[in-house]
Each structure stands twice: as structure tokens, then as C-alpha cells.
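Scrolling down, you'll hit the structures one after another.
Next, two complexes with subunit A in common: one pairs it with subunit B, the other with subunit C.
Here is the complex of A and B:
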């Protein structure tokens, strides 16, 4: 009959109306500043720079390669490369960013900077309460504001952070093995040099497992 | 004591006026009533907005506003202050005078409609013999304001919204009037006071409200549908369909002018609810004769606010219609039924007392409704949805 659907609909809204007073678990919203819902693990909004160790400036993984700056679609990253070098996590001398600014009023949270970074140095944060009274300076985050510890990364994205750590450890082990092999090669008598090129390849996995 | 409570505002007015010289008394009395109406209805508007926001929230399993004041009751005041402090923007290419006049015209016209409503016993501001006609004349003038707003803004969305609004309001004005004419035919008067007086009788403690007759119920339902469309309420809120028209005819309004449109819309809702109450729900009369001790104005406002609740309920339930559905519904379904209802009302009057008229009138209306629905659903292919899949 015509009008039946309307009555059914009215009954449905009436049921919701009454039900919201009776059962609290019906309510889909929370009272935000007092109550919060923990963000899900895949949450992401703006990028941050990961550092290892206690000192943020020394521990920054970023080597100022400027790939992210070039790839950033809205061009919100600004990097100034340092003139001197500092050792990175494997001990290799690298440049570091003298300036690293992200304008979060321009950032569109696309995560492309994270995907292109070969050094696992930039990751997505979950911090969203970034409102400020200064819409220019306040929204332009410098490297100090962007630097967050690896522990923070583990806290917000545990699975992803473990993968990253494993990858870095593997990398480090590989480099160390290579260094060791190079050292062994340098130390070995010149007569055995012909057999040497085959040796490091099976030696490397043996080194990492040991 | 009961009589005093019932007539408290009338007595108060008389008492205040008695301080003035006799020459000024009639003018002062009218002014006082106007002040009363202009104070009460915006208050009810604030209450209606609060009810709407809370009610819709609850229907969507939310809490609704709950920050300003207890239960968010002061939210309308906060909204009012906000709209007062906002910048009043007039588009450069807009017709500034007409742009300014549109919300003013709307509010003035809407308040003038209230002047003829019997708010309580002896509480009609202007007791007009042709009160109903005056109300409809004022109600029709809101279309002027809608088109003024749409045209003067010089914005395509405003203009489209205004055109939709005017088309819709004119279409639904007809069934609105026709369903009210049935009441006029039975009462034999256009005076809203007389219409209420005719319903203010009781048999076995039950009132003689027109809604409790077959033609009255049919007329009330169609009046409610037409009134929803007249006030641009969901599901007939096409003129301000935000998904396609930004905000319809008041797209280019901001600050207090926007608030005036908002006020006009809600007071329009209140006044048309007041008219529906007066025509079909017995106006200020009590629902049971034993409840006659409660002041008449309380009954009036209770019925009006109840109608507002139904408006909100419907808004929370139904999605917006399409323009062609809207027009077809008005001209092909509601209008034929209201016309038939006029004949049924005439029949009701001719047949006189007795059970025969109940049976006959109900049968005609039900049959017509069933038939119209069937034909309409058949033509529009409404019914269980058939899905066709690509092979």
C-alpha cells in the first residue's frame, strides 16, 4: 500500500530516537575533548622525521638527499643540505638536513615522501591536534618539531616499525659483513687473491646468523 | 481562578492599558499584543531549533548539542550571537536594496500571518471575518520574498533555488487551500475564531475536532503534506537542496540576514502548524472536556509544538524528493484527493447525523486513496524493485 514505507521509516527513526536514551552503546559518537577513540594502526596524517638514540639532531636518519622534496606533489617540503657530514646509523659519513621544513597547511597527507625515502627517515604521524593561532609560522614545522624518536614510531605504527627495524638491521649487517670481508681481503696475502671473490658471498649469510 | 489563568494575558493587557488615556488605549492594546507575539514566537523558534537539533541527533544515535547551558539549551543564543557577529556580505553584483528587503519581507509577512491565529480564548490579535483568507494571502507572499532573494543575489544557485521554491510553493498552495476549504464548508465561516468555536464542543467528554471525521482526517493529512512543502521542509526541501544548490535562494546571505531567513522559515513553520491546529485539531480547545481547566493558550502552544515534533520526525526519516516527483505528487495525487474531499465534505453535511455518513464518507475516501495509489504506483512502476543485470 502507498505510504507503508513512510510508516516503516518513521517507526525506524522512532526506534532509534527512543533507543539512544535507553542503551548507551547505541551512541556512535564520543564526547571528543574528554573522551577519545584510539586511532587505528593505519591512521596517518602528516609526516615526521625519525631519529635513533637520545639526541634528535645526531640521530636523524635523514641524509638530505632531497628526493622527497622533489617528489612532493604540493611542494610542501623545503630542505637545505648541510655543508659538513656526520656518520649515519651504519657509520658512513653522510650529509644531514641543515633545514627541513614541512608546511602542513600545504601537505595533503599523500605519503609519497614516505614511499620514496630510501633511508626510512620520514614516516607518517598520527598527531592531529595541530591547530594554532598563527596560520603561517605555526603551521610551518621545522626539523626540530618534525623530529620524533623511533620509540614514538613504534608506539603509533608497531607492525610497520618492526618491519623497518628489521630492514635496517639487515642493511647494517650486510654493510658490516662487506666491511669485514674487505678487511679480510686487505689482510690476506696477495697470492690467494684469485680465490677471494667467491668467498664473501657465502660468508655474508654465515656472518649475519652468527 | 481557572478563568484568570486562562485569560491572564488578556487581563494583563487590559490592566497595563488602563494606565493610559482613553484615546491611546486601542493603539496601546494592539501594540502590546504585537510585542507579545514578536517576543513569544522567536522564543518558540529557538526552542524548535534546539528540539530539532537534539531530536535529529537522537534519531541518528548522537547526543546533539550539549555544551552550551544545561542540555545545550542555550545553543540558540550562542548561534544568534554568532550570526550577529558575522560579516554581512552583499555580493558586488547583487541588487543591494532587494537583497536587503528579501529577508525583511519574509519575516514581516510570516509574523502578519500569526495575527489572525486564535492563540487562546479571546486571544486573537485581529479577529477577522475572513481570517483564513488573510492567512493564505500572507502565506502566499512568502513566495515573493523567496524570489526576491533568489533574483537579487545574482547567483545561479540562488536563482535556481528560488525558481524551485516558487514552483513548489505555488503547486502546494493549491492543495493547502483546497484542504482548508473543506473546513470552511462545514463551519460555514472563514473566521478562524468561529472555526475553533465550532470544534470546541464535547460529546461524552470527547471533542468535536475535525480531525476525528473521515473528511477531516483526509484533509488534515493532505494539509500536513502541503504545509511541509510550503515551508520547504524535508522531504520537500528542494529549494535549499545543499547537495546540488549550495543553500538555494539564501546562498548569498550571511550573518544576520541569514539568521532572519532562518527565523522566517521556522516562524512560518510555527504559524502553519498554528493554522493546522486551528483548522483540524480544535485550536485552543482541550482534548478532553475534563481537561478544560488547563489554560487555552497552553493547549494551543502544546499542539503547535507537537506538530513541530512531527515535522522534525519526518525530516529525520525521509530523503529529499526529486523535482518531478514533487510536482507529480502535488498535481496528480494530492490535488485530486483534496478535490474529492470537498465533495465528501459536502456529502457529510447533506447526510446529517447518523452512522451512514461515517460509513459512506470513509468508504469513498479509502476507495479513492487505494485506487489512486494503485494507479499511481502502476504508472510510476513503484513497487518491489526489479533488478536487471547486464548479461
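Here is the complex of A and C:
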């Protein structure tokens, strides 16, 4: 019969229309600003810098090794290495980024910076509502805007953050054991804990580029 | 409704300018279809010469989306190009990742762990299901059924994209596969979720068939339209569902057996009438075969590592040489040709995109057809301009 196929198709659409009132499976849309889909843990969008402790400047894990800057495919990371050093999480003296900018209008959220970072210092955020009226400055995030606490990392990627913490703790224990062994050998231990967490004063961003 | 009189009395040879004589009444009308038309939004144009409603000449014009991908990749580390391959055929990023990873693995001689191979098959077949469903949706949309079939396809695509996001972190720009494996392992709960989605797929295909397959309007518009003869398809290097709809039995999953495809049982559907309707049906049938592969892969997936422990992420330098890795992407044969000169980045990086090569026979399929059918034939090729222009 001519038109049978069309009627069959219409029956299908009718089934979906009626079904959308009773079955959640058939009603797939949500009204975005009011309703939100539950976040998926693995989600990523833009990178942020992890810091430990309360002070973001002192606690930054980044040691300005510039591997991420080199590997970033769209070249959206800009790092200026400090001239002085500060202690990192195991107490070793390390450089820190005097300036760390990410242009998120260029960033393509590929996660390669996270993969190549040997210090677990850069991770992917899930914050996506970043619209701004400032086209250039508003989308160029400096290290203050990028710095987010380890607690924040735990909140957005709990499983991954626990693994990272375990890895860091293991590394710290290894370094401390090594330091202890070295200290026992030298018989006159200077003590890693004695290195006061002297916070170096980083130059203002404008001055470093001059 | 009679099929369009095809008048295939053209000179033989696939790339010769066609000899179609206008009937001498009135003048030819040249129309620029695009860059803005229903199926491509500002990235593709067809310059059509019309005699009344009949197409006399057709010239595809592309390049609007050129991004210098190949040259950029030659100045970048091997890993650095991986996220850019997502952007080639942005409907199915995972198969692009796979083809590139395969090429680099051939170049460096890396082995891929068993579990990673299974994961690749699962993700590749999910991509194929999603691509074919949306391709049908777009095809019907171009026919004038604004939205409904496309949205039904997207409803299913959404479930697959959620799976991708849960595993890779992104819905489309996944950047998931690595040389020598996959970036992260799938958890048990992810696999359970994948099984649930796959279990729901046959019902979706049934509904989709019910909605479209016997629809009289669809049959009248597509049957006998845009015929692609097998010899022309072979000569032009057409691959994928396009080639199989022309009745040529060529599926790289069967021919090459790359990855672990020779472990799975699946059939290759072939077309008999070589027209747009066949291309539509081939995609539906391939979805069914893909569901079969998915069920087998999800049943057999072993435990173990997903990454070759010896694999290096950065700073590796393959020995001088060349490699060509190809896979059966949803749109056809996707190949990456790499030449290494021993440095950290490829000396030459070349992509063989299925979309571009399938597009070359667009004129041959459209000649003598009505202008309204051009959009339909174009839709049945199933291209993504990100891949055509690179």
C-alpha cells in the first residue's frame, strides 16, 4: 500500500513523543542553566597549576622546567624561570615560575602538558564557564589565576588525585630515606627539615618581561 | 515516479571532462551551490552549470578549512600531532587516533598490549556506529526531513559520546591513543556502561529502520539516483561504504586484518544497485555488523596493561625509514604515511583522507541528475570537510 512506510515512520515518532513523557531514556535534553548533567570524573578542559598548603605562591609544585612549554602543540604556555630558588614539597631547592601564562583562547585542552609534567604540577580543570568581555587579557590566565589547591584537584578528579598523592608520598619517602642514609654517612646531618621555607619574593609580571 | 534518465553516454575514463550536450534551448545557468547550503556551513562550494534542472557540469571547490596540518606536523614531535588528528574527521576522532598510532607503531616497531587492542576495537566500532547513524541522519536532513531522523541519531550518539568522555576526558577531541597502547585504562564500570549502551543499540537500529527504510518519499528520492559504477569507483580510489555500496567487496578490516580484526566474525554488506539508497542501506547494515563485533570484543576483553611498558611518550627518535598505517575508518581507508630521518619529528607526514578521495567522483555521480538531487548525492558521500582540507 502506498504510504504504508510513511505511516510506520509516523508511528515511530508518535511512540517517541508519547514515550518522552514516561521514559527518561527518551527525553534526553536538559534545560541547561537551571538543570545540569552530573559531572563526569574524567572530564577535562583547561589546565591549572596545583599548589600544596595554604599559600599558593609558596606551594606551587611547578619548578619551571619548561617541558610543557616545549611540548604544547599549539604553543599556548609561556614560562619565565625564576633567578632564585625555593624549596619544593620534599624540601629540595628548586626554581619556580616567575611567570606562567596560559592563553586559553589558544589552548586546545589536549592534556599533553599534564602527561609530560614530571612533577605532577599541572592538571586539567573542569571549569568551563569562562566567558569574559575582555578578549585578550581576560583569556590570558597568569599564574595567580591558574593556581588552584590540591583540595580542588581532589574535588574534581578524586580517583586520579589519590593516585597522584600516593605517588608523591612514595617519592618523598624515598628522598627522605636517601637523605637520611646520606646524613648517616656524613655523620653531620644538615637536616632537610632545617631548610626554612623561605618564601622568595617573585618579581611582578610586568618587570620580568622587560 | 520514474527514475531520472541517466544518459550515461559519456566518454569512458573517470577523469575526462564529460561530454553532455545541452539541448540548445536557452542558455546554461551557472549556480554556486554554497559555501552556505544545507549540509556544509561555509566550507564547501559546488559550481554547477545547469540546463534547466539538469546538471551539465559540476566543480567541487574546497580549501575553506585548510589548516596546514601536514606541514605543522613536520615541525612537531610525533606526540604533538596526535591531538591534531582528532580534528581531521571530527565526527570520529578515535579512528583518526588509531590510524596515526598504527603508522608510528609501524615506524618504531612497537607492540601493542592485548587489552589495548581490544579497547581500540571497541572504541573504533562505537565510532563507526555513531558515524553511520549521524551520516544517515544528515543524508535525510538534506532530503528535507528537517531534524527528526538526525535527532534520533544524535540521541544515540550522545550515549556513545558520554562513554568517550568518561574514558578519555573529552567528547570529541579525545587525544586518547598513544604509540604502543592507549593513554588510560578502562575501568570495570566503564566496560559495564559500554555493554549497556551496546545492548541498547539493536533497538535503536530497529527503530531507525522502522522510521526510514520503507518510507516512500525516501525511496522515490534515492533509488536510481547518483549511480556510481564499480569500475569507476575502483579507478577513482573510492573506499569505505561508498565502494561497498557499488558492490566491490573491499574492507580493510578483512583485507589487512590490522589490530585483532581477524579474531572477530562479521560480514561485509555489499550494494547491488550502486545508488544513494544502497549507500543508506549499507550504513544501516554495517551498524548491525559493528554491534556484533562490539558484543564479541566486550565479551572477550582480557585484563592486563594498556600501554607497552617500554613505550616512551616524548623524546623518541625512530630510525630513518618510512611507514604507512591504514585502517578502515567509518568513511573509508584512512592512512598516514610517515617518513623519518632519525629526528624527533617526522620528515614527511602525509594523510590519505577517505573524504577527499571519495569526493573526487562527485561530478560523475551528479551529471544528468536534477539539481535537487545534487545535495542528496553529496550527502550520501558522507564527508567531513576537516578531513578534506586538512
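Going forward, the second predicted complex is superposed on the first by the 176 of 210 C-alpha atoms of A that agree within 3 Å, B and C clash if a C-alpha of one lies under 4 Å from a C-alpha of the other, contacts with A are read in each partner's own complex, and residues count from 1 in each chain.
The rule is simple: a residue touches a chain if its C-beta (ideal position, glycine included) is under 8 Å from a C-beta of that chain, and two chains touch if they have at least 3 such contacts.
None of the values given here were measured: they were computed from a predicted structure.
Peer 1: Contact-wise, after the overlay, does A:124 reach subunit B, subunit C, both or neither (first, second, both, neither)?
Peer 2: So A:124 only meets subunit C here.
Peer 1: Could you tell me if A:111 is touching subunit B, subunit C, both of them or neither one (first, second, both, neither)?
Peer 2: Touch partner of A:111: subunit C, not subunit B.
Peer 1: Figure out whether A:6 sits in contact with subunit B (first) or subunit C (second), or with both, or with neither.
Peer 2: Both partners, subunit B and subunit C.
Peer 1: For the overlaid complexes, name the partner, subunit B or subunit C, with more touching residues on subunit A.
Peer 2: The larger set of subunit A residues in touch belongs to C.
Peer 1: Of the two partner chains, subunit B (first) and subunit C (second), which one does A:80 touch, if any: first, second, both, or neither?
Peer 2: neither
Peer 1: Considering only touches as defined above, state whether A:21 meets subunit B (first), subunit C (second), both or neither.
Peer 2: first
Peer 1: So, does A:58 touch the first partner subunit B, the second partner subunit C, both, or neither?
Peer 2: A:58 sits against neither subunit B nor subunit C.
Peer 1: Going by the contact definition given at the top, which residues of subunit A touch subunit B in one complex and subunit C in the other?
Peer 2: Common to the two interfaces on subunit A: residues 2-3, 6, 9, 12-13, 16, 28.
Peer 1: Could you pull out which subunit C residues touch subunit A in their complex?
Peer 2: 76-77, 79-84, 148, 152, 155, 158, 162, 165-170, 173, 175, 183-184, 207, 210-219, 313-314
Peer 1: Taking the complex as given, what residues does subunit A use to touch subunit C?
Peer 2: Listed in rising order, the residues of subunit A that touch subunit C are 2-6, 8-9, 11-13, 16, 28, 40-44, 67, 71, 73, 108-112, 115-116, 124.
Peer 1: What residues on subunit B touch subunit A, complex-wise?
Peer 2: Interface residues on the subunit B side: 55, 58-63, 66, 313-314, 316-318, 369-370, 372-373, 376-377, 382.
Peer 1: Applying the document's contact rule, which stretches of subunit A touch subunit B when the two form their complex?
Peer 2: On the subunit A side, the touching residues are 1-3, 6, 9-10, 12-14, 16-17, 19-21, 26-29, 31.
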